[in-house]
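Shared between the two complexes below is chain A, which has chain B as its partner in the first and chain C in the second.
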Partner chain A sequence: MPKRLLGLLLVLPALAVIVLLFVVPLAASAVGAFQTESGFGFGNFTKSLELYTSDVIFTVVIVSISTLLIGLFSIAIGGYLTLGENPRAVALLRWLYRWPMFIPFIVVGQVLRTFLAKNGLMNNVLIGLGVITPLQAISFLDWRGIVIAFVWKQTPFVALLVAGAMSSVDRGNIEAARNLGASRLRILVEILVPQVATTLMVGLVLSFVTMMSVLSVPLMINAQSPTMITADIAFRINAYGDYGVANALGLISLAVTSCVAWFYLRYSMRERA
Partner chain B sequence: MSVAASRAPALPGIRIDLWWIPRGVVLALLAFIIFGPLTNLVLWTVAERWYFPHTLPIDYGLSYWGRVFSPRGNAMESLSNSIFVAFLTVVASLALAIPAGYALARLKLPFRALILLAFLIPQAFPNLPVYVNIARLFYQIGLNGTVPGVVLVHVTHGLVYAVWIATAAFAAVDTELEQAARSVGASAMRAFRDVTLPLAAPGLLASAIFVFLESLDEFTGSYFVGAPDVNMMPLLLYTASAGGNYQIASITALLLLIPSIGFMLVVERFLKSDVLSKVGH
Partner chain C sequence: MKKLLQAMLVAGLAASPASAAELTVITAGDQNMVDYVNEYLGPLFEQENPGNTVRAIGTGPGDAGSQKIVERFEAQKQAGVQTGDTDVAVAHEKFIGPMIKGGYLESYRDKIETGKLVTRSNADMALGSDVKGYVMPMYNSQAAIAYNPALVPNPPKSYAELAEWAKANPKQFGYNGIKGGASGVSFVMGWIYAFGDGDANKLMNGPFEEAETKKWDAAFASLKEFTRNSTLTPGNAGTLDLLSRGEIAMGPVWVDMFYSWQANGQLPPEFKLILPAPGMPGQPMHYVIPANAPNKELAEKFVALATSPKVQAEGIVKRFNWYPGIDAQHVQPALDEATWNKLFTDVTPADLANLGKPFPIAPYNDAILEAYEREATN
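Entry: the complex of A and B
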């Protein structure tokens, strides 16, 4: 029994930090969302939806598209790393794909802001190669820029998790399928992906939440309307000091992520049952 | 078959692996997608003048570097602020995470899985509304706009890496070594200090670097809690970029990038697979 007490004592300070500096403010945000000048009510929510419905939809669509693309690309990368038969190409890909992972979001914002601009390096290279004419050059600094930034930054993280899980799948299964004449694509879709589904889902849910709370990318790439909820929250605080609407918007984004988490939990429960 | 094809380069002149054409195209495209934006960034750091429709900068030079590193520029102040805050964050996080990680890895804890999950909370909820309310709370107790305030926010954010990696690092140390030390008469504290801690050190170092980088790169918390009194690198990057000063923004971005990429290249030396496979267990 004293050993258990000692263990709890050792964990307690770290746990206290999380509770005091995360759980309490989170609760304050939930309570604050219902606080209006005339007492508790749904005033902040009606105001939020009046002003920002299109931004809420925009955010959900952007983050969902990004999550889907991240999933597809990381399966492709993980699949090639596991099933690729040319060791040199596999080594090259393994070296290549991870670069954006540790690049901070704020830097990703700045880097892609210059790269995707009308006179950015991307358009310049395309013009140089003769793919497009200078008049056809367009800026990608709108919703596409945000999606590109998210996919660019988050794919390596999910791919790393997926590739790790794939490499621990029993090679015997893969060899057997291969000997029976299954194509590599079929092995990927029918053997590898189902076996790493849980890891893939964890990576995607974490990415979804991360993307929902990134402020720097929408601020740097596309701050005009429609923009993402995070940019609206920052604007409400900085321009009006309006904590009520900011907290209501926060609670809305929390509700969106909770939906995703709930789907994930239901899925993993069914897997275990 | 393709096994034979991949051996083809060993027999020059006999067979050329045509698969290198699609492979080369895809890998080159991927390389452009990844290194194109980074090249653009580096070009901006040495561009004196660059505007549409010029494909490349008109003049090259390092005058903006001089401006960033001039002793009176606010870049040096934010650089030292960022490093100072990151250092304090690492110290505080490890002081909290080493005992917690040891307890979670070795001692029998009630609700162990639940406690481990609790540290994931800051990653599992959108943290922007939380930072907004922390800023409000800190403002009331006078912590807003101070270095300790920013450090506390960064510790909360980095604790999940610190605790999870420390737990995995301690779990990867063989229990029998500790028992052997105890059986020859070492006290529990001594066994921990002389056996377990040195063996877990590479993993702990990895978690320290993780926390350091997370703190260095953190934008949202610093934006609400630190600005405008505590100026940090990411904030400088944001204001420079918003003001259209792409050179200063790119140089700042490059300074933030170098430690991150350096870490990516050496991470596997610190985080061995025996530790990695225990993360989250």
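Entry: the complex of A and C
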């Protein structure tokens, strides 16, 4: 048997899995988005935009804010792990920060639902401490709840990547900057972050895409209006059996994630060139 | 050879009821539906039909669960499956019409003993589809407004009074919109029955006319205003949760959930229910038997047992606080007075008869939901 054919044969099972389980369903849903009762057309998209424009905007804004916060927090965590001078605090942080990563989104939603409610644990503690009065207590179970859930869950993942990249940065750079009198914050912003920018970006892009696809958190915390696209897709299918508009909404969210992926690709191409 | 194989197959099928069989019951709804079959109905059936076993599978809560059952039947039909894998299915009434239209179901009510015990109209018509003969109601559930008497001493008796009350007490009324469970959907449907310019009876009984869907603008405008003044809760349980925490004083709930929470101590015993005029929709869950069920005779026996007065009294009313599926007068003799009274204290049988409405027929139902998305929340 010629060598080339053998290679093809070896690749075939993997290729078949990708085609059957990924490409075909994706193509089916993309085609489905254009199928309406009166043949092919943009009916599903018109309807999606008519009913869910605010939800699309809401989703993009929520996920973008979350991504931004995740970036800031993970830089802070990674920075402290690399530059921190109190060994005990560093060890404690290193031990603590990864925990949320192992908790599923649905559990995060459930936990935060009782924690952030108007009479939930958080407000009860604040009232007990005398920080706020019972009348000042407000429920965080709206867009803020979703952002808190996303940031809490995704920060460790990005922080893990960023901290790893930061620790592999040549210590000589840091020592040199410190010798010249740079503060730790300045070292973080001017030396460390630029050198781990690619890793940070990869982590943030992956987080962005993950958050776009989470259904459990918006359902548990805020399935009202406006809500996230995923909740609308589920509702379209469950309440109306309407796969057309659901597919259209799916394509819209795919377009959003593609934008992020495009930025990422462009950036990493330039890096390589 | 082929003939022989077919003959063997037929012989095998014919012989199967005599031997031990596994009855597969798939059910939409929350975990309590699966528990009901696994813990109560299944063992009872196995006791009466020794050697056979019952297996219950849940397909998930809400309409999504029933949608999955429809899709399963559809897929089996398209694949040309002769003998399916489901003996009995439990689904929401909205999905029975499509199942009959697709030819997936067996007409069996006249074949079983308990078929005569059902006369309520929602067992013949399900949201505008004729389902007579194809279904036996498992139970009837009803949505109502739950309230905290300490905060609301004089509860509003109609939707109009309720709207006034909510205006005077901002954020004290809570409901779960339409995406978080059917108690919110029921509340919205009731709002359209009350304030829509069209004829509510037409919405419930059909026929569907496009013109009718244009008559809700004013109702949705006021509902938008109302929603801005109320608290949106996360789900059916979310409303009860906020009620018990005192975050809201009133909200629509399912009657059975309300009583179950009270029985568990999750809701204070003094909380009460009221069914505001002109009424809120409730819905039955139906037992259906697929046309390609592997153990049809056994399945019929199972449904007959499940809709017998004894089981309806013990399982449906006493254990789960649902309203019986078969006519109530057949169930009452099998129940002690305390249980009966508990179920009908706040919402009397007369209230239920007058104010317990069906949901709108399927096309109006979808149109109202979509109009809600377009006009009340956008």
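Just so it is clear, the second predicted complex is superposed on the first by the 259 of 273 C-alpha atoms of A that agree within 3 Å, B and C clash if a C-alpha of one lies under 4 Å from a C-alpha of the other, contacts with A are read in each partner's own complex, and residues count from 1 in each chain.
Just so it is clear, contacts are C-beta pairs under 8 Å (C-beta built on N, C-alpha and C of every residue); 3 or more make two chains touch, one makes a residue touch a chain.
Just so we're clear, the structure is a prediction, and the values are computed from it rather than from any experiment.
Contacts of A:234 after superposition: both chain B and chain C are touched. Looking at the shared chain after the overlay, A:121 reaches chain B, while chain C stays out of its contact range.
In the superposed model, A:113 lies in contact with both chain B and chain C. By the document's definition of touching, of the two partners only chain C reaches A:54; chain B does not. Taking chain A as the reference, the larger set of touched residues comes from B, when chain B and chain C are compared. In the superposition on chain A, A:222 contacts chain C only, with no contact to chain B. Of the two partner chains placed by the overlay, only chain B lies in contact with A:3; chain C stays clear of it. Of the two partner chains, neither chain B nor chain C is touched by A:36. Using the contact criterion defined above for the overlaid structures, shared-chain residue A:268 touches neither chain B nor chain C, since it reaches no partner. In the superposition on chain A, contact is made by A:96 with chain B only, not with chain C.
Chain A residues 113, 118-119, 219-220, 234, 237 lie at the interface with chain B in one structure and with chain C in the other. Residues of chain C touching chain A in their complex: 62-64, 67, 70, 176-180, 231-232, 234-235, 241-242, 245-247, 366, 369-370, 373-374, 377-378. Chain A contributes residues 50-54, 113, 117-119, 139, 141, 219-227, 231-232, 234-235, 237-241 to its touches with chain C in the complex. Remark: chain A residues 3-4, 6-8, 10-11, 13-15, 17-19, 21-26, 28-29, 32, 85-87, 89, 92-93, 96-107, 109-115, 118-122, 124-125, 127-128, 134, 152, 164, 206, 209-210, 212-216, 219-220, 230, 233-234, 237, 243, 246-247, 249-251, 253-254, 257, 261 touch chain B in the complex. The touching residues of chain B, counted against chain A in their complex, run 2-3, 6, 17, 19-20, 23, 27, 30-41, 43-44, 51-56, 96-97, 99-100, 102-104, 107-110, 115, 118-119, 121-134, 136-137, 152-153, 155-156, 159, 163, 213, 216-217, 219-220, 223-224, 234, 237-238, 241-242, 246, 249-250, 253, 256-257, 260-261, 263-264, 276.
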